[in-house]
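See below for the structure under consideration.
Lettered A, B and C in written order, each chain numbered from 1.
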Amino acid sequence: MGNSPSKLAVVVLAAGQGTRMKSRRAKVLHELCGRPMLEHVLCAAESLDPERLVVVVGRDAEEVQERFSGRCEFVLQAEQKGTGHAVLQAEPKLADFDGDVLVLYADVPLLRSESLQAMRAEKQRDGADLLILTAEAPTIPGRILRDSVGRVERVVEMQDATKEELAIAERNTGVYLLDAQLLRSCLARLEASNAQGELYLTDVVQLAVGDGKKVSASLLDDADECLGINTREELADAVAVLRGRINRRWMEEGVTIVDPACTYIDMDVEIGRDTLIEPGCQITGATRIGEGCRIKAYTTIESSQLMDDVEIGPNAHLRPNVELGKGVKIGNFVEVKNSVIGAGTKAAHLTYIGDADVGAGVNFGCGSVVVNYDGISKNRTTIGDDVFIGCNVNLLSPIVVQDHSFLAAGSTLNREVPQHALAVARAKQRNVEGWMKRRQAQKEAAQRKKEEARKDGSDE
Amino acid sequence: MGNSPSKLAVVVLAAGQGTRMKSRRAKVLHELCGRPMLEHVLCAAESLDPERLVVVVGRDAEEVQERFSGRCEFVLQAEQKGTGHAVLQAEPKLADFDGDVLVLYADVPLLRSESLQAMRAEKQRDGADLLILTAEAPTIPGRILRDSVGRVERVVEMQDATKEELAIAERNTGVYLLDAQLLRSCLARLEASNAQGELYLTDVVQLAVGDGKKVSASLLDDADECLGINTREELADAVAVLRGRINRRWMEEGVTIVDPACTYIDMDVEIGRDTLIEPGCQITGATRIGEGCRIKAYTTIESSQLMDDVEIGPNAHLRPNVELGKGVKIGNFVEVKNSVIGAGTKAAHLTYIGDADVGAGVNFGCGSVVVNYDGISKNRTTIGDDVFIGCNVNLLSPIVVQDHSFLAAGSTLNREVPQHALAVARAKQRNVEGWMKRRQAQKEAAQRKKEEARKDGSDE
Amino acid sequence: MGNSPSKLAVVVLAAGQGTRMKSRRAKVLHELCGRPMLEHVLCAAESLDPERLVVVVGRDAEEVQERFSGRCEFVLQAEQKGTGHAVLQAEPKLADFDGDVLVLYADVPLLRSESLQAMRAEKQRDGADLLILTAEAPTIPGRILRDSVGRVERVVEMQDATKEELAIAERNTGVYLLDAQLLRSCLARLEASNAQGELYLTDVVQLAVGDGKKVSASLLDDADECLGINTREELADAVAVLRGRINRRWMEEGVTIVDPACTYIDMDVEIGRDTLIEPGCQITGATRIGEGCRIKAYTTIESSQLMDDVEIGPNAHLRPNVELGKGVKIGNFVEVKNSVIGAGTKAAHLTYIGDADVGAGVNFGCGSVVVNYDGISKNRTTIGDDVFIGCNVNLLSPIVVQDHSFLAAGSTLNREVPQHALAVARAKQRNVEGWMKRRQAQKEAAQRKKEEARKDGSDE
């Protein structure tokens, strides 16, 4: 027993069919807070810096391999013959490996890196040959039987349990950390003692105990970490747990979240202190938000960067690849996409800014549009500093608007605007006096005619 | 005891005044998930295919009868004299009826059809004369006393209960299924033994037992089904339960609901597999949504049809009677109303489409409007296939836009646009150089003048 | 013991550093439902009509004093030396005071006025010298030990408690009501018997008991009232409790709230009967809403007045100082700010109305904008009755639009419009036949060129 933990290989079982999801998509690709289910498990595994990372895929192998290509090795479990059979498929990849093997499940995505690290430390401290991760999770059927000194004697399945055993709160999560040699030796002895001819990984426990090996169990503090996902309802439940975890983290870091139950922040988001998030915001991808920002209600921010003191919303939308400078204000019903916006610029209402480089101190009037698409291609627009863009102005890209210029309301502009210039494209106002009276008379005449026609019709 | 259940009559008590709702509207017309309270009960009753369906109405008789005219018979309970008195008013409608009578309550709207069908099967299987629906619902005061073989002996009201009886978890929901003859015989013997002179239907139980009839009780699996609604808070609680039931149903059917706690789907909606619903969506009326759609956050869809692979939102709104073809994309801050939209058409931002027939492959630019109202009448617009509609374009209906045409940004159009044509109505851009500098000078002069005036004023 | 309660002084401890909030802002200025934390406590204190109201401030003294200047007296606790030390700082302000002193905490903002009034009544009825507010709150460490007749003997801190004492559910909230003389006498005897050299107010209890004074305890019905806030998570929890309280109140008053868990109503809002609030609405400030209104989903209303029968939303926004007349309809993606809108006026979609006085029966077309800002100053707009404003119209303020006029779609208007006039500023539509075919040919040529270039490039 050395002081540094043994070398590690991780096997992730990801071959389950997920029939109860009723989905055309691979179960393990369904997302939780911006990451596919399997990616949560891969991230946790990668945080342990394993020598090998093997994912056992099944029916949806192609889709899964394509998504995670280069990030791990894949082995195929062509038939669904149980968890033991799945690990057996991974064995060739571990043939020459002599450290510890950690078995994880792609549909148990909430296990935290810290809990896995604790398992490793515990196995080493205990000098255990096999460490079982356990939890007080009433929905898991397998009970953990410990002897008088706390070592694991057996895993008892519900159907085989006595009344006393049924009352045991500690359950088998199926996550094991064990010596590679022990694993190989046990896998070789697994038997399909059931009607379906399946091999169960759980039987490894009994074999190890039978061999006189030291089997320990490590109890999760938070049983939610071992939630398994077989249905969309369980997916929603797991998302809710993960959301709570993410939101608590940011509140601890000094972010005010008005209603954590209705705030949707992806795993990879970062948020500065004293930023306040009103109800219903969705913040996704690798978004970075500075300090002192205010994200108002029902705003969606995707993969964007916000400097300090930005205000956005309510009901605003940043699509991917937006950079907002310090103190930018984006108001209600405004969409920004793939644009860089300078400090202090404002777009208060009903505006679309797409594919634009915008200076500082610019004012976008209500209804103004950066027209980035002409039906053939998307083009980029450049707007200088301190430009005033009037309401309902269309900027037909590619266009350059120089600093300190003024674009008159209602103008559609397609030529460069020089510095300090007024650009206008507008017809002159005409007032046609009495027009409404004449129209009213016409309307009434039409009404009369209609009624007469109806009367004639009903006379027939 | 035959093999098919007896003929059935249903009496629904809907005469309660609902004073605690503090509403001008009849209590039983308040809505849960798109249906008035009473309609939930009528739907459950109708699913049993009853020979008679009698609703006892009271103070708000007119409003209720108007809403459900033709769907059931109505009798008036002019005075509020208790549940027994209410059923007595319905008796004339059942005078010649010799099957079973089921008594339901308009303000207990969550009872599922399945539970009522189970009652009928149970009554027949037991050979019971009277079957009481019971629930482990701590807020219901009436306790069910059963004898040693499980038959009901008595309903004990809280104020009359011994300490042991108070501990009984099984309670009387007030929903009864009983032989019409037994009902008539018991109703005739009800006595107003209380200060208010009211007749209680519950007394039927004691009378039946006294007659030596067989009285059984059927326990609800889910006590939430018998939630009664007397206040708006109870209404909100019942809506939450119903919402959970609806959302679970669609998750089981293969729909991903990111946050079921914040997703609002009406009873009559249908949704295809692998459709994903982001937080905060409201989907109402008889909306039909295809497979593989994505309904983004804070989108409202009312009584519309979406083919497969439609994307909509975030923050979009379909008002009633919209049909979206396969692969249509409706983006943020877009409203569509009473329109048919062809496959693959896109309206990505800040658009209103009203009363329009739109072809396939059309692109609506940001801020474009189908102007369906001219201040006098609403007119219909026709847009062909592959039309490109520029930003902030107004289409004054009635107007026809032919296939493959291009409508220039910023144009207001009121005449037909031929195939392959460009339509434009726009003033030319003028740049007035140096305008901002002159304006700045004027502004500063004005500022100076103002300050001087202020100084003069403060000198006085 | 007289019949009317003694004179009252209130001391509010607001000097805590709030380190765990990780905020640049004073902890007691963080908001719950539209009011800073401390203001909740001040409002409760003020409802008791105290003779003196003293707030003990600390590190953030300046920021707090500025916010509440004129509303109370302030004393500074320069060093954080415990609650007893904090009250000592307030003593000079109470030197000549001979009534009761109530000690409150700025970070315990949910205590209701009714509970404080009950404390006063109870102290008087009991003839108590010191009344402790207690609660069955498992997270509070201090246990209340009562003697056989219910008088308080001691407060036992967790670390000093026996096993039996640990099981005591009644806890010390730290809120005390006591005779000023007793307070002075006890404060003088407080000792710093701990490592940090702090003085604890809790020690007053033991001193009073030692003096033979009568010490009583008053148990809160609802332990949530004594929730203390030290972190942003606790802030969010307290906000949720307060929100529930506010929403229940309005449901009791006859307002339908479809999803109370997702409805955000500030403390000072008032709402009339039979108004229905859909999910996700935020109603803030001193907003007044009439009867029979419908506030549709994801609408934000700030400090505005709505007469009866107004419809607004979904996804609409009223910024401060809006008055909507009876029956006004504000639809989706509409913003109104600082404006008065006459009865029956409609703005159905994608409109901004800022700084305007609008008559009755006006129709705002989709995309119309009241352009209140010209880049220099904000100006006011006046619109008469029965005006029809076409889609995408810009009204450049200051402008006057007289009654019964018609503003043609797509016009930008900057001159007064007389009664019954048509105002139009629009270029005429031109159809350029075959344009798209020519463009298509150009596009294909460009495409070919590009491909050839690419081919050439890859040949190199």
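Just so it is clear, contacts are C-beta pairs under 8 Å (C-beta built on N, C-alpha and C of every residue); 3 or more make two chains touch, one makes a residue touch a chain.
Just so we're clear, the structure is a prediction, and the values are computed from it rather than from any experiment.
Asker: With over half of the numbers shared counting as same, classify the chain B/chain C interface as same or different.
Answerer: Mostly different residues: under half of the interface numbers shared.
Asker: Rounded to the nearest 5 degrees, what is the angle of the rotation that puts chain A onto chain B, matching CA atoms?
Answerer: So the angle, rounded to a multiple of 5, is 120 degrees.
Asker: Please compute the C-alpha centroid of chain B, do the same for chain C, then give the distance between them in whole Å.
Answerer: 31
Asker: So which bits of chain C are touching at least two other chains?
Answerer: If we look for residues of chain C contacting two or more partner chains, we find 261-262, 280, 298, 315, 333, 350, 367, 392, 406, 410, 426-427, 439.
Asker: Applying the document's contact rule, which stretches of chain B touch chain A when the two form their complex?
Answerer: Spelled out, the residues of chain B in touch with chain A are 248, 251-262, 273-274, 278-280, 292, 296-298, 314-315, 331-333, 349-350, 363, 365-367, 376, 388, 390-392, 406, 408-410, 426-437, 439.
Asker: Okay, in this complex, where on chain C does chain A touch?
Answerer: 21-25, 30, 231-233, 235-236, 239-240, 261-262, 264, 280, 282, 298, 300, 315, 317, 333, 335, 350, 352, 367, 369, 371, 373, 375, 392, 394, 396, 404-406, 410-415, 417-418, 420-427, 439, 443
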